[in-house]
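In what follows, subunit A forms one complex with subunit B and a second complex with subunit C.
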Partner chain A sequence: MRCLVTGGNVKVIGKAVHSLSRIGDELYVEPTEDGLSLRAVNSSRSAYACFLFAPLFFQLYEEGSLDPDGETFRCKVLMKSFLGVFRSLPSLEKMVEKCLISLNPRASRLVVQLHCKYGVTKTHNLSFQECELLQAVFDKELCANTLRAPARVLVDAVVHFPVTLAEVTLGVSPAGKVSFRNYLDEETEPSRTMVTELCLSEDEFQDIQVQQQSHVTFCLKEFRGLLSFAESSNLPLNIHFDSPGRPAIFTLSDPLLEVHLVLATLSDPNSSSQVHSTTLQARPANGAFPTATPDDDFTGDDIDSYMIAMETTCEEGLGLPSSPTFPQRHPHPGAGLESQSSAMESDLEGAVPGTPPQKKFRSLFFGSVLTPSQAGTHPGPSQDVLAEDSEGES
Partner chain B sequence: MRFRAKIVDVACLNHFTRVINTIAKLAKTCTLRLTVDKLYFILTDKVANGGVSMWCELNQGNFFDEFQMEGVAAEHNEIYLELTPENLSRALKTAQNAKTVKIKLTNKHCPCVTVAVELPSLSSSSRIVTHDIPVGVIPRRLWNDFREPSVPDFDVSIYLPVLKTMKSVVERMKNLSNCIVLEANLNGEMNLKIETDLVSVTTHFKGLGNPPWVSEDGSQNSTQDRDPESMAEARIDIRKLLQLLAGQQVNPTKALCNIVSKRIVHFILLHEEVSLQYFIPALA
Partner chain C sequence: MPLSTQPETGDDQYVLVASLDNVRNLSNILKAIHFKDHATCFATTNGIKVTVENAKCLQANAFIQAGIFQEFIVQEESVTFRINLAVLLDCLTIFGTNSLPGTSTALRMCYRGYGYPLTLFLEEGGVVTVCKINTEEPEETLDFDFCSTNVVNKIILQSEGLREAFAELDMTSEVLQITMSPDKPYFRLSTFGNAGSAHLDYPKDSDLMEAFHCNQTQTNRYKISLLKPSTKALVLSCKVSIRTDNRGFLSLQYMIRNEDGQICFVEYYCCPDEDITESEL
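Coming up: the complex of A and B.
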């Protein structure tokens, strides 16, 4: 793979990496025929982002040859290392004229070369790991509610919340009222914490489609990461969401770039749309949701069922309408399978301690890579099987 | 008990915000006393505060366009609230370009001071941000705890040097020691000293001037008998002093301190519309 980025687009890539660094510790790089995709996911699998740069974004775009299995090469690098190349955005803008990203599977490095002014060339050789496909399964067409607004409006909205605030609740009503409020989790005492609410009128939005009154609560940190990218790109931001518990999808697009951020939302234990009996503890911040009694269903939840859940979705995934940006993948046949599934297992085990125990976000569902034979052995389930952490909170 | 107030003028809002920011730097929680004419921010000298006390007084008319207060009872037409000034500071921080800011006492899940900010927006209707700050209502039987402290019987009263200079001196001293000795005399001289096993550093200020105090019965202040060269000193916690100096966002019109030797230092900072008194006890 070889991609050459020139001029102002270098800063765009830099900003994208900064945005992705708010999400996860590893950057997944995948050159496809639709363009170069940069993705990240957080350790608790509750946030996922993908930046897809079309071939025309680059002055030169060579996807690279497919490997003998017909798969494009994909790898992941340490976010810290990749971010280090693009750390200072002002100096990127001032000094860097061209950026060449090349990947040679046979060599063991991802090479990022910055061609700067005055004849200076900085070459960064980053080590990478081959990796499994990272793909969240979601479909924004299935979301009942959509908002579209210039990023500026949303930036101005979240500025009223403290930088340390973890989660924010977005509320909409069919009357066209949109509100953001800081979320108080069950650990916080309501009589001691300041509650901030911002109300925006529908005039501030370019588009609002709301089917019924709903609230969703998601992590502000990752959202802010996307907002800062959106603000500099001047593109309107679309928010697609549904009922509490189902992921919220944030998108930006233009002919050269498509950005998706998918965030898990806190589930409302009494919501009638909830499919699963595994519940989250979510005490209402303001009485909007009744207090739930904790339902500890985690005894049955073990790694095996998690793995099964993933297989299931992969199978289901083949049937779902595919979003244009994420073409369905064919299961990766056998040879590398064992190492891949053990990688997933260790990912899972690694994920559990990383999950903040009091935040029970449903993890997003990822397509797994399995042989067709393995994929065939399970009952047809509902569309999104959400896997809880096996660490339950009593 | 009712309280509603509104600020419309941008300059008043900025000024009020600066006062709140200063208070927030001095106290984690404090008492807000509301009367018909004034607002007071009070901190009493509990051990938890390190014995520090604070009395800050504002004339409401200088800040608010509308101010309605109904106290707990007709003959006690005041309200005493316990609040965290940092919350108020945060609420006002992003309100600096607001069209109006309303502050009122409400009862949501608990008594709150609600700050409602109306912000300009591109659309026809304004953007509203509300901040509900939980407060505690202080019952009347405890009001006596919050009386205005009297000016102590000081040994020396002296004007402070330019606060910015004093702050940068104290800031550097903070790295060397936890206590600082503040001494001054009636000749307009002040020294700031730190002493550790390894080093002692003294900064001398001269020509500061001593404010003329006249006691209530009109007689000359007893300090007139004092030898003008003799220093009154107090050893105080350097962080408390720095908190006071660092919190000042605007240069006061008048800044002075009264030293009771080895007992307490009483700082008075006067601005046009705000007066702040701060007491730092001497360390043993």
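Coming up: the complex of A and C.
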């Protein structure tokens, strides 16, 4: 793979790397037919981001030869070392004229060459590891709620939250009310904490589609990272989300660039306990789920061998009595496609779950569970689904 | 000199008296060599040389010539003492490092000789502080025997071009490898860190290159931990001269322009790392 970035686009790449560095310690570099993709996932697999730079983004883009299996060569590098190349954004803008990124599997180095002013050349030969495809499969079309706003509006909204704040709750109602509020976990004493809540007017958004009242809580750090990228690239941000526990999908789109950030959202504590009880009955094979933490997260899995596929199964919403426990989640028209479930390759079926996460974020890749009725109605997908999200829906 | 507390006794009992209207002309340049707490000061009628060393492999010298001072009197042929540089810098900046525009701290520095403390009178806005810093037994400093006749390669660069390079050095690399050559790559800085290697190439016709006199290809490695502190001098300087001699010893000379437009020099000498084998090149 060889690609040449020139002018202001060097800074765009730099910004993207800065944004990705908020997510994971490793950067996945994958040259594809559709462009160069840079991805990252966090260690608990609750945040995933993908920047896809279209071939036209580059002055020159060569995807490179395919290996015998018809697969492109992809690799991951340490985020720290890649970030080192693009560390100083002002000097990137001031000094760098072009940037050549080349990946030669035989040379076993990812070469990033910066051609700077005064004829100075910086060559970084970064060691990499070959890796499997990192792909979270999600479908933003299945999300009941969609917001679209200029990055500036959202930046101005989250700037009011303390830097130390971990999570923020985004709430919408069909009436068009959108609010951001700092999330307090159960251990925080409400009397000792300041709660900040911002309500945004419908007019602030370029598009707002709310089918279902909902409150989702997600990590602020990664969101801020994307916002700063969106702001600098002057692109509006789309937010797709559904009910608590379902991933929230943030996208930026431009003819030359597509960005996806998928963040796990906190599941409703009431619903997860409910789901959990059904899970154990349903999937005795997965009894490895720690009883107290149904939203387990396989942090201890074998990084190199995973192949992630997040399946989206259709939940027909038939024959499932609506649960009195979840009054806020009514089945609604067109929302039969509710369950976003995740799975991983079946050869990891026996993987031992890692340390349970402190918070009940579902892993984007592994975190969901299957209800017995679903297991019954959808034998097909459930075969290679390790764990599927039920959410006690419908 | 607006000092209100002149020493009661006369100046003639001091072997060294130096006065300066703007103490920052001294403190800034001392900061450029402040990577170890102990410094040896030599004063002659030409000025003061302050030397700091590390690991018997690195020596930094700051030269503050007599002309920088408004008053500079040395009674003996040379005056030598050792002093805690951190304490000296703390005292020199006792009125703060960022003075308001138009205000400056004046300094009068006196030393009576072996066994006596170094006395500093600092005045700003009518407030005078007197500091006495105990001096220490002077120690012999290293002689790098770096002689300009043995210089093989010499480059003068605008400091701007090296600043970022030094600021972003991959500190996971143990060494900084410097290649100087009459042919390509002319001047190359390389690091070999955990994440891979990085090379920084400067062509000889670059606008940053003020002078390029390379006679033979030389590749030497220097401990990065020893060279990193020279960044402090680099940041202050406008030009840097990079020289290597026939033994691979490195000399870095930084030309520093102070707030009054006067020129001072800071110099770093560094020993090369052990010989490198061909395979590593």
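Going forward, the second predicted complex is superposed on the first by the 276 of 394 C-alpha atoms of A that agree within 3 Å, B and C clash if a C-alpha of one lies under 4 Å from a C-alpha of the other, contacts with A are read in each partner's own complex, and residues count from 1 in each chain.
Convention: a contact is a pair of C-beta atoms (placed from the backbone, for glycine too) under 8 Å apart; a residue touches a chain by one contact, two chains touch by 3 or more.
Keep in mind it's a predicted model, so treat the numbers as computed, not measured.
*Asks:* Could you tell me whether subunit B and subunit C fit or clash when both sit on subunit A in the superposition?
*Replies:* fit
*Asks:* A:126 contacts which: subunit B (first), subunit C (second), both, neither?
*Replies:* Only subunit C; A:126 stays clear of subunit B.
*Asks:* After the superposition on A, what does A:160 contact: first (subunit B), second (subunit C), both or neither?
*Replies:* In the superposition, A:160 contacts subunit B only.
*Asks:* State whether A:190 touches subunit B only (first), subunit C only (second), both chains, or neither.
*Replies:* Touch partner of A:190: subunit B, not subunit C.
*Asks:* So, does A:199 touch the first partner subunit B, the second partner subunit C, both, or neither?
*Replies:* first
*Asks:* Rounded to the nearest Å, state the minimum C-alpha distance from subunit B to subunit C in the superposed three-chain model.
*Replies:* Once the two complexes are overlaid, subunit B and subunit C approach no closer than 5 Å between C-alpha atoms.
*Asks:* Once bound in the complex, which stretches of subunit A touch subunit B?
*Replies:* These residues of subunit A touch subunit B: 156-157, 159-160, 162, 190-201, 203-204, 286-287.
*Asks:* Can you name the residues of subunit B that touch subunit A in the complex?
*Replies:* Subunit B residues touching subunit A: 87, 90-91, 94, 108-110, 121-125, 127-134.
*Asks:* Within the complex, which stretch of subunit C touches subunit A?
*Replies:* Going by the criterion above, the answer is residues 161, 164, 167-168, 170, 193-203, 205-208.
*Asks:* If you look only at subunit A, which of its residues touch subunit C in the complex?
*Replies:* It comes out as residues 77-78, 80-81, 84, 87-88, 91, 95, 109-110, 118-127.
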